[in-house]
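Following are the structures in question.
Note that chain A is present in both complexes that follow, paired respectively with chain B and with chain C.
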Partner chain A sequence: MFSSTIERLQPTTPAGKKFARYTGILAVLVVAWLIPNYLATGTDGPLPLFTVVLCAVYALFALGLNIVVGFAGLLDLGYVAFFLFGAYTAAWFMSDFFYQVNPRDPSDKQFAINFHFLSTASADIKGIHISFWIVIFIAAGIAALAGLVIGAPTLRLKSDYLALVTLGFGEILPEVFRNGDDVFGYNLTNGTKGIGPVDKIGMGFLSRLPGIPATITSSDYKTKYYVILVFCALFMYASIKLRDGRLGRAWMAIREDELAASLMGVPLMRTKLWSYAVGAIAGGVGGAFYATIVGTVNVDNFTFSFSIIVLCSVILGGMGNVWGAVLGGIAITWFNYTGLVWIGTQVNKGFGTSVDLKKFEFGFFGLVLVLMMLFRPEGFIPAARSKQLKKADKQVQSIETAGAAS
Partner chain B sequence: MSEQHMSPVADNAAVRGGGQPPVLTITDLEVYYGNIAAVKGISLDVYQGEIVTLIGANGAGKSTTMRAISGLLKPRKGEIMFEGNKVSGLRGNEVAKLGIAQSPEGRRIFGRMTVAENLELGSFMRRDKAGIVEDMERVFDLFPRLKERIAQKGGTLSGGEQQMLAMGRALMARPRLLLLDEPSMGLAPVLVDVVFEIIERVNSQGTTILLVEQNALAALNIGNYAYVLETGHIGLQGAAKDLANNEDVRNAYLGHA
Partner chain C sequence: MFGGHPLFICLGGGNHANERQYMMLRKASALLVALAVVATACGSDKKTTTTTPAGGTTAAGGTTATGGTTGASGASLVISTDLPLQGASADASADTNNAVNLVVEQAGGKAGKYSITVKPYDNSTAAKGGWDDATCAKNANDHVANKAEIAVMGTYNSGCAKIEIPVLNQDPTGPMLMVSHANTNPGITKAWDPGEPDKYYPTGVRNYGRVIATDDLQGSAGAQFAAQDLKVKKCVVLNDAQTYGVGVASAFASAAKKAGIEVVATAAWDAKQPNYTALFEGFKALNPDCVYLGGINDNNGEQLIRDKVSVLGPNTGTVKLIAPDGFTGYPTVQKLAEAQDMYITFAGLPASELVKAGGAGAKFVADFKTKFGHDPASAYAIYGAAATQFIMAAIAKGDGTRKGTLAAAFSGITVPKDKSVIGKEFGIDKAGDVTVRDMSIQLMKGNVETFLKAWPVS
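For the complex of A and B:
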């Protein structure tokens, strides 16, 4: 609806710019394809394949949170909740967890569900085993539902209070799952022991294509990477489409001025809830995928620091910018999982020292954030909107200083 | 000014509406901020095609009344009716849907969005593409400056341009009642004249306007009917021309001894 009006009233994008954009996207795709084949360094070195996969997963998380924080301007410190729901969904529907039979104690309340559907798991492993490609949708649905349930009471709050309450939710949920092994006698989460092994991803009819296996084995990070890459690409496309549509405009209006947005007829609650739900979908999908790449789901994975790391990715990359969120997610994840240790090893090798840089991880995080806020507060790739404003500010400043000098 | 000065001007309601009922009726409105009463029981009417002005000193309750109409504040008592629909108690976006648009105090434009995007948000509830484009042309006709700045971010505009944008954005909803809250605030005198001229033009094109102003003289000049608010009550009311000549009003608000 909006795009057509804009096109009629604003100068259209020049052909050169459009060409540059498409070549840019092509270049990114080529690099994305090159990474596991030529740039990655196996299991060690500065860019191990496992880190590459994690970078892509966190890029997906950052894309999701970018919708909540970047587009709608709602500070969410509990994004871990959606990651958790996604991962547990995969654990529930892709493992033997729901076949708990204790032959020695029949009075023990038990589940004895055995259900297979297009799964890679062999038929003699009992439990619920559903194809990863279906579980992804279930995970997205459960995470979105969680977004609505968490959002409905909290989104009435103003920004700082929202941050605090979401932080609370992010802390409470893992505790609930930690103690979920005895819900009126039923074991729903397996508590601290975690759930595993999670079934592998089957590639179905795609395996007829050369180079694609029928089942992604646990060490086949290359195929895992391409799978998550597709999710990232889809979510980037969806983000951009949403941003430029009616809903995106409503999000931005709320971010800029909630009161004015409501005067324009933007339904505040519904619009905010949509941002939560859409953001949660990325968290849920990422979580389900994460569960399959690591093979087990343990409640210790879901910590407050996850929420902070994803938030840092969004801020570092440039709030509200889709490419920025991806870049931020990749940069922070690489630094977190490999970069710091690798740099430390290089330093130790070069200077003959024995410093364990990994110990200072959060110190470096803090330093990087402070430096970013000082020198580039709008992030690596600022959203186009803040760029022009900054320029105007500078112009006003220079006019004022010129006026003062004369 | 207190009760003894009440209504020196004849209440010419019959003349005002031309026999038609008012489009907006406020009855015994009371609005509180916590325990502090800002509006203590006011009643007023706005008829089709009028410019009704609400004048009064700081803290008289003008903006509070506006916020109560547009659903940003919940009244504690009283009723607001618009074209037969109860407005009091509705949320901001529901009020907007009924055909009331507000250019809020302090302009509150979307700073990081372009002029065009700001205007498009004004038409957020509408689906008639052709009508939206038509109205945007109308807004550019009223405010040629906005057309020059179309691709510029709202936050980079001057104060006067931002005021124009706020008014234009409200007009994009094609409202049947336009609420203007302090449109001349913070503007250079030259621009104040421009803004009031435009308000008159918008009104002559058929939009009913409720105008809140501290610039009482200018507001009374373009208004049909006026209410003077005093600390939450309506002190005086009458035809704008009559109030402009009223001794008390002149002393209190127009700066004449």
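For the complex of A and C:
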């Protein structure tokens, strides 16, 4: 009995399953292509393209948090920190922020940097303007570094205590940025005023291909969608490869039993730090992209509710499952930005009522989560491991029941 | 014995690793549910104000692109409003939409030869309880994409306007005109912070106007009034650490210094604090005779007012209390005992003054009350109607295209006195600022904001 349970827990991929998997990936790609071209509904309706883009951004965030929470089992309530670093990196390197000359008094200047590199910004807008494609790497680097810095002191902590400390970081960082307009007399974050406008994304040599513009204009959601789709796909691929590799198995060993993992020779510190760093990269990339689609980085945007929404996405989709995280991110974002309003409008139209469903948003979130926990606690798409565990558990239970009955 | 039911399997699993994983799931979800419940409790106590847009969203949305661009006689054009319909500003926004609809209705739904409908947009989310930057970006692009829309009335928040203006400015068929009734941040139209205001107008063409005076003027009015009428000497200047609050507080501080008032302390108040007694105790030793609250009431303003009175004494005593228009239009502040006798500056004239002045302004306020059964929740509702009047004047003079309407708006047109809902002829200058700079000082008395005097600003 016991040996068969262990066998079941081994990852196995029979040939038939492989075919099914490739068909599945192909189907997802087809749907991903259909969305902007046929399924999206312009500015109103159930699926505006802007919401689709936001869904993809949040799916990326969910993928990142899934590595920390789902794979390594470290409950992180401060994911907003990585989003913040990504967005501010884009703001710093893709705007006029570092050309701080007071227009009312030109002698009053702190930074007067004017540096353009492969940017879409016009030459007469001063400041630091670097190509989005380079900034993405800087943002990923800064976020990963932030992940290490935040991760390092929390390594000794477990479960609830870890959650509290990460929650603290998530609350402190926005306050630091809010007050960062006077760091020993230097303005580093522009405080409450926010930084903007952020430059647009240039497509460089890709614009020679048909249908791809040289610069993604603010209303060109289709191209933005393809850009974020590429990031999502890359991160999904990386997540799956990491999960099945040495590091991923080490993460899961820590998740299941930290003490046992360390006795088996898993270097706890290094492995945990890796999970923070890799998870943070998705936050940084997503944050930088978000800054370009909104056009402004505003400190009021980085709230605790962001961390909660991303965590909800991961739990709803299925902790530890890559596809689940994506699905959870899409579902919650759609619900948040379009779904509730659209459903409300349909209800009001159908029944002649005037209910504002949006006001009950958190109530719905809570209800959905309670129902999920009652009837499907492992999420929409459970991780393969929890599915197998549950099956094994059922067998143990039935044997025990049989034993008790006899 | 519990076999079969999935709930009991997952809760009662004997396997150690399994149990750990589900424990974590349960902990995380219990936490989330608790948070969700708290958030719902906080968010759902706002009273709901139902609006009945005269134009109706579906009718407006249904109009096709042909009318907007050809400019044929009788073409149907859409003016959209862009306001935070959820959160603390919901009441003010609902009445602004009401006022906009009323003013269009009173004009017979026509501006010149064009028939006008109103399409309301919401730039807030429930999760934030106020304006949301991604929603502002989406709305801006939607304004551009919906070809029947000719101009935008809004936004309420300056931060949101700074996101939307560059998008409307780069409209390939425009730039598209936006006229705000409530943006008081100076940087949108004036040289204020580095790069402002040119960075909001990438095409180099101005497409933004406002019918309300800016914070710098409001701060000056407050400081001059404090020095000349209240004869105060030492002020404590507080801000709520948000864009508006910091801006208006620094404008007050610099004007106060010019007017001979000593600014003995400047500090930010944290909206999340349960009380501010410690903050005010710290100021006691400085012997201030005035406290300025640069910020908005949404940021725990009522508690701040209560603690000012409990520590530094009543507002009629030695320490006066002055606040900007971030504290106007809140019934909860008006009814607060400690808020009585505080002075509030307002960039514009309150509804009561419009009624007193008679003419078109008084008539509009009366009509509003007849139609909706209450006075406008905020004076901004009246200014929303004024902004709409200005947009309609521009449409009437223009050629039915966005470009033509914008050119007409900046050609020096005005809304004449006999029609103006603010009771005075007004227009916008080349920068987009309103030509009439009414500033008023209000005094909280008998649970209402009473008009004390008009304060001329230069």
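Keep this in mind: the second predicted complex is superposed on the first by the 376 of 406 C-alpha atoms of A that agree within 3 Å, B and C clash if a C-alpha of one lies under 4 Å from a C-alpha of the other, contacts with A are read in each partner's own complex, and residues count from 1 in each chain.
Please note the rule applied: a residue touches a chain if its C-beta (ideal position, glycine included) is under 8 Å from a C-beta of that chain, and two chains touch if they have at least 3 such contacts.
Please read all numbers here as calculations on a predicted model, not as lab measurements.
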item	value
Partner chain(s) touched by A:L259 [first = chain B, second = chain C, both, neither]	first
Touching partner for A:L374 - first (chain B), second (chain C), both, neither	second
Contact breadth on chain A, by residue count: chain C or chain B	C
Contacts of A:T192 with chain B and chain C, given as first, second, both or neither	second
First, second, both or neither for A:P267, with chain B first and chain C second	first
Touched partner set for A:N114, first chain B, second chain C, both or neither	neither
Common ground on chain A, meaning residues reached by chain C in one complex and by chain B in the other	256-257, 386, 389, 392
Partner chain A, residues of chain C touching it in the complex	1-3, 6-7, 9-10, 13-18, 20-22, 24-29, 31-33, 35-37, 39-40, 43-44, 46, 48, 50, 61, 86, 125-128, 132-138, 140-142, 144-146, 159, 162-163, 166-167, 170, 191-196, 199-200, 202, 241-243, 245-246
Parts of chain B lying in touch with chain A, wherever the complex brings them together	70-72, 91-93, 96-97, 101-102, 104, 108-114, 116-117, 120-122, 124-125, 127, 129, 132-133, 136, 150-153, 155-156, 169-170, 173
Of chain A, residues touching chain C in the complex	42-44, 48, 50-51, 54, 69, 73, 75, 96, 99-104, 122, 125-127, 159-160, 163, 178-179, 191-194, 196-197, 217-219, 221, 255-257, 290, 293-296, 298, 300-301, 303, 305, 308-309, 311-312, 315, 319, 336-337, 354, 356, 358-363, 365-366, 369-370, 372-375, 377-378, 386, 389-390, 392-394, 396-398, 401, 404
Chain B partner contacts - residues on chain A that touch it in the complex	1-2, 4-6, 8-11, 246, 249-250, 252-253, 256-257, 259-268, 385-386, 388-389, 392
